[in-house]
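These notes open a run of structures that come right after.
Here come two complexes built around chain A, the first alongside chain B, the second alongside chain C.
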Partner chain A sequence: MRKIFGFLMIFILFVYACSSDDSTPDTSGPLPPANSTFERGPLLENIADNIIIPGYIDFLSKVEALEDATTAFVTTTDDLTAIRAAWLEAYTTWQRVSLFENGPAETVGLRLNVNIFPANVTTIEDNITIGSYDLGLSSNRSAKGFPTIDYLLYGIGVDDTAILAIYNGSEGDAYKQYLQDIVADMQSLTITVLDEWQGGFRDTFVDNDGSSATASVDRLVNDYIFYYERHLRAGKMGIPGGIFSGTVEPNTIEALYAGDLSKQLFLEGLDAVQDFFNGRAYNGNALGVSLSSYLDDLNVLKEGADLSTIIDNQFNTARQAVQGLGSFEQELQNNPPTAFLNAYDEVQRIVPLLKVDMVSALSISIDFSDADGD
Partner chain B sequence: MNKNLQTYLNSHIEAAPLAVFRVFFGILMFVSIVRFWSYGWIEKFYIAPEFHFTFYGFSWVRPLGEWTYGLYLICAVSSIMIALGWKYRIAMISFFLSFTYIELMDKTMYLNHYYFISILSFLLIFLPAGHYFSLDTLSRKRKKNSSQTSSGVIGYVPRWTIDSVKLLLCIVYIYAGLAKLNSDWLFKAMPLKIWLPSKFDIPLIGNLVSEEWVQYAFSWIGAGYDLLIPFLLLWKPTRMFAFFMVVIFHVLTRVLFPIGMFPYIMIVSALIFFETGFHKKVITILSKVIKYPKSLLDVTTVWKPVSIKRYKISLYIIALFFCIQLLLPWRYILYPGELFWTEEGYRFSWRVMLMEKSGYAQFKIKDGVTGKRFYVNNADFLTPLQEKQMSFQPDFILEYAHYLRDHFTAQGHQNIEVYVESFVALNGRLSTTYIDPDVNLAEIQESFKHKYWIKPFTDEIKGL
Partner chain C sequence: MKKIILSTLAIATLIFTSCSDDDDGVIVDPGPGPELNIEVPTTYSFERDGESTVSFSGQTTRILMGEALISSMQDFDTATEQSLLDMYANENTPFEDEDLNASSKSVRGKVAASQDYFSTNSAASATIKQYFADLISAQVNEVFPAQTTEATAGVAGQIADGNSTRYINDKGLEYNQAVTKGLIGALMIDQALNNYLGTAVLDAGTNIEDNDNDIVVDGEAYTDMEHKWDEAYGYAYGTAFDLADPNPTIGEDDSFLNKYIGRVEGDSDFAGIAAAIFDAFKLGRAAIVAKNYTVRDEQATILRELLSQVIGVRAVYYLQQGKNGIEANDLGGAFHDLSEGFGFIYSLQFTRNPLTNQPYFSADEVQEFIDQLTSGNGFWDVTPETLDTLSSTISERFTFTVAQAGSI
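Take a look at the complex of A and B:
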């Protein structure tokens, strides 16, 4: 009897070994055992229910408020205040959801469609002049979204009077139409993403609680680190600061035409990244299961350094460093922009902590490369 | 020459084990190549990347563009020829050359088991594995019938030929076991303590892998397995049990870790330890299936080398080959510093699954004339896998630094200086600075000398 059982066990393992290949997503496996500290289900539930979905709900409401303000603006075209405020409000909220380019957002390419900066002024003006454009084309990605609205509300004239004059001028209707189309495009993309999350994707996401390279946690962490490194660190600070080119590029900052906003938008993004790490609920301050608590659980076992605290502290250090700066525009006028670069260094220090220490502790593969190991 | 050695070299054994080994080796190699091809990995890892990390002295071995597929085709055809025993010697040589060329193209892809296959196929070139249960034998038989000349059919081969395969397997296991005798593996259960908890979703043992005692048990049993299994396989009374353990162990590693074909190769290879009777049975079954003439299986002719001189040279080559195999893993002793940290002498030494090591490397380019400095986005030059491997291995970092130097020099920068800011975490320790950030890598020459520009390891790992 015992022999049969032994053979049966080996057989089951063998079948499993043959069936689960490195690159196949494992969604059919048995549920993780109860009471395991490494269960990923609760982590995914907290992220989906308390962070991502409330985030998109809030973002959509801000985009809809922007749409209302746009409708109001194009009817009167006498005051930019309300629409600019609604734009800033939505843009700020965007920084809270930009990092979740995973699942539905990844499918529609939300970030690519909503916040590619700097905006391409030539394409925008051509689109407006010609009057027919397909905003779904990837060539139009730098002619839509928040950066384009930034240009349309702040950049088309030297001052408010000049800007309003354009909207009230001979080509005013074309500009108004373009503005409305762009806002509508953002709205429809956001609705698609939120509908998916509120429909079937939430359960797909939570149920994919395995540990393969295609499991939710592994993908999410990869996307999270990618966002931090490429978009927050490089996009909002590194590239304008000339980190990768050796030359300061002040024209590549976020919210270029409105001015004096890029620092605030960066800090909002940093808050979002830190709150995600700590599992802080979108509405309120409740802390749930998170990467941080996951690291703590593993740490109990490892008796190693308190990695979650080290990472959290470095987030705080980076924030203080950036808060201590003047506006990015002012800082980048210095040559070299020493204070800006020093603050960047603190932002940079988080990258190895996430990419090396955290990922290594969680045993998450940093890329999707499905090659063999030994 | 020593008399005992002479007697040993002149003793013979039935050829069946070598034939079975040849057939399975050929089939498994063919499956491995088809698998690699079907995943699109030839394109992804060898054709698409612009830059490849090369082995010291082998920088001339490069992927051949679209022709790389041809290389794999040669390798696949050779492996079928090996399985069939058709023009065995030529097939083995072409397999060894094509496979080794493939492995030398980019060291990002280095795996111990690819190295194992390379040296095993080198050894097989010298063994008379194609003279029994093979197409070669069949065709020689036909020729014999028509011309009545040489007898091409053999039933016995020198004993050492089968023993040499066993010896190679013993070396692999024992060195892999010795490498595990270190404080991280035995007293910290590292890296299994990191790897196992993330395997909570596998059947049967999923709820055990986060238990600390399980992690220690796996570590100790794993080390004990590697050190003892060759002896248990060699000794007849324990052989069945040992083979049972081989199957369990390798299937388990297959379940836990993404190690491709390696477990199957090791399971099948372990069959060589069985008595000739077992292999005869396998051959009998196979020959019934393919209607291989039974008269060719029951011969007692002893294999004789065509040229005694060439045979002697082969023996010396094999003796030298094993000396190298026995000594190469110890070369790390010649280097100062912690082996796991510097990786000087780490490869080609059967150090398998020993480290959870990851790194981050950011390169700073400085134009020596204008003083202009900027950082490199590694994704512009490397694939994710290349970047990952590069970030914690000094020879990769240096080769990449030289590539960057040449790239930016070609872009018109002058007196390029290359610096790296790098962090590496090893077996659960916090990451620390890996390469001296003040050393201009553009000026450093690659060599087998110690790389003084690696920052010292801040902890200690005791053991071999």
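Take a look at the complex of A and C:
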């Protein structure tokens, strides 16, 4: 009992002497803005006019090219090369706009409609066999979009000959129809989103330039961080790497059937996230008003350095770490996949910089909770 | 004399270290008083609008899964490598208890998985998760086939320990003990001290704002912060006979952390520790209800110190018991103690020293200890001198002596 008392005395000394900031390794968070003169309107303008809208225009053009390639494929059905190339082009461009799940895209649930992976093969095959399906149903979201096209172009047969044989076989028309319907679904959703941005939403977005939970910047930053944490970090790396389950899950990678693509799709997504942070124009390299310049304007420092620089550097560090890997398929064959996990850690290190340091400097509240509870 | 100087130094260092970056000069009230308005109940019972806000069923589930696993590791007749690994990961409906099968949780998923230690240390996390899988596999592949072999140096088999028969590997280690005592650190201690009691988790997202305004989790009676604290509590008391008042049966309610809080409590040198741990959990939770995060974090500090100490005390205790057994030429008894000690030493890397926010012993230091215990023919070769040296090294980093830990 005496010993316990001694320990408690030590603690009383400890807590009496000092503030209780004992559990976070980093106690020097960003300094609060001294005197903010930052206008949020120009930030929103740059994001809408130079990043989001040009991004959707480009994405729609790639989806339309995929539609053309699909039409050509179902007509001749003798060569997968062109449609696969168009699919990859559109899928790559998708990584550039996936993060903008805000406003019109959020309303239609664009991301959930075009890129839930892995695809649900059972549902896909059932839909094709039955021949009647409502692609608007949420239960069909894992049976359409890019991952389903991945399956239909790479996964339905053991090799190209077998795949083409299915399209030319007795069920061929049903497969062709499904492929066309899915591409058309993506196209129609994308048109809806772009039309809204080019219609009234752009001004609504830019004019909502206050700072409250429903202001454009607050929402956008939340959606941006959510994308980074859940979809880029967890979806493309963490889940396949077994971060959450404790067991490597190689069958959950993006572009599972095509293979050897998930790393490049990840890197494209990382580029998009970093470019967004720096306010880089979608077309060209011009840098505009951005989260980075916002932080600089407020002179936000962390441990004596510009927070914007720290974040940008960490994006670069994460990219180098992932670039240094073999294909995700190769890396995930190791148990544990040490190199893959080390690269993941560099990707993870950005999360608290954005989710704690940046948002507290910008006085933005995170509106989503951590799913990783008990 | 040496001890006194050391501990004086430790206290001086503590004050010095803890103040070095304290540039705002705020003096924090040392504890709850009437002016703080913290209403501390006599048991761990908290309500909102007449409904209990306490919830830690996930922890109870994991403790029960762990119990099933370690029990099955000694089931020579029916357990297979696959059935045991399935229990570890909760795959392929491995449990007799259908509730466990139906759960989305597993032991493996939360091994070495804390926010503070492992969120940017994924490779280490994966390696540790696999370490337990390897121990489980080795039990089936090395020890099961040697069930009726007499163990000798370098040969796995059975060895008598009084009335009991122990089943050991070629170095004298009981794998089931290494798993059981290792999980106390890798699962219970790591999750409680380095995940749920840390501000990164307690204050995540809008937790402070929500708790300040009594905004509860959708469909639940508790705020997220309250729940996170309860989850730490659950790793100590999740299978207690009385979940709100666990100390009357402390030590009897599981084979993991609860059991060894009870064992350390039973050592007269440490009597009072069980009450101190429970009180800190209770006061910390009451402080959350009162929205006093300073007092909350003070209790987290106390819990990190005391629960880490449980691990340290038991590591030294078993090393000393093992030494006594070797000196008395009771190898079966000695190896059983050393197997338990082995697991507690492994667990040291998950402890949390509040002064450094690091484990009391790093993973590298732990590996060095384990190398000393397992070199050559392992326990067959280890000397009393080595066990004494390890005991002092461990106890000196804490604030107890080998004599205090080594006796009851």
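The criterion applied here is as follows: the second predicted complex is superposed on the first by the 324 of 374 C-alpha atoms of A that agree within 3 Å, B and C clash if a C-alpha of one lies under 4 Å from a C-alpha of the other, contacts with A are read in each partner's own complex, and residues count from 1 in each chain.
Note that a contact is a pair of C-beta atoms (placed from the backbone, for glycine too) under 8 Å apart; a residue touches a chain by one contact, two chains touch by 3 or more.
All of these numbers come straight from a predicted model, not from anything done at the bench.
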Is A:Asp126 touching the first partner chain B, the second partner chain C, both, or neither of them?
neither
Determine, under the contact definition given at the top, whether A:Ile310 touches first (chain B), second (chain C), both, or neither.
first
Between chain B (first) and chain C (second), which does A:Ala361 come into contact with in this model arrangement: first, second, both, or neither?
first
If you stack the two complexes on chain A, which partner ends up touching A:Thr338: first (chain B), second (chain C), both, or neither?
second
Does the superposition put A:Ser245 against chain B (first), chain C (second), both, or neither?
both
Residues of chain A at both interfaces, chain B in one complex, chain C in the other:
10, 12-14, 16-17, 20, 22-23, 242-247, 348, 352, 366-370, 373-374
Which part of chain A faces chain C closely enough to touch in the complex?
1, 3-8, 10-25, 27-28, 241-248, 335-338, 341-342, 344-345, 348-349, 352, 365-370, 373-374
Would you tell me which residues of chain B are touching chain A in their complex?
39, 41, 45, 109, 111-113, 193-195, 197-204, 206-207, 210, 212, 247-248, 251-252, 254-255, 257-263, 352-353, 356-360, 362, 365, 367, 372-377, 383-385, 387-388, 423-425, 428-431
Give every residue of chain A touching chain B within the complex, in rising order.
9-10, 12-14, 16-17, 20, 22-23, 26, 29-30, 32-33, 36-39, 209-211, 234, 238, 242-247, 298, 301-302, 304-305, 307, 310, 348, 351-353, 355-357, 359-364, 366-374
What does chain C use to touch chain A in their complex?
11, 14-15, 18-19, 21-22, 24, 26-28, 30-31, 56-59, 89, 105-106, 108-111, 113, 116, 119-123, 125-127, 129-130, 197-201, 204-206, 209, 217, 224, 227-228, 231, 269-273, 276, 294, 297-298, 300-302, 305-306, 309, 354, 357, 399-400, 404
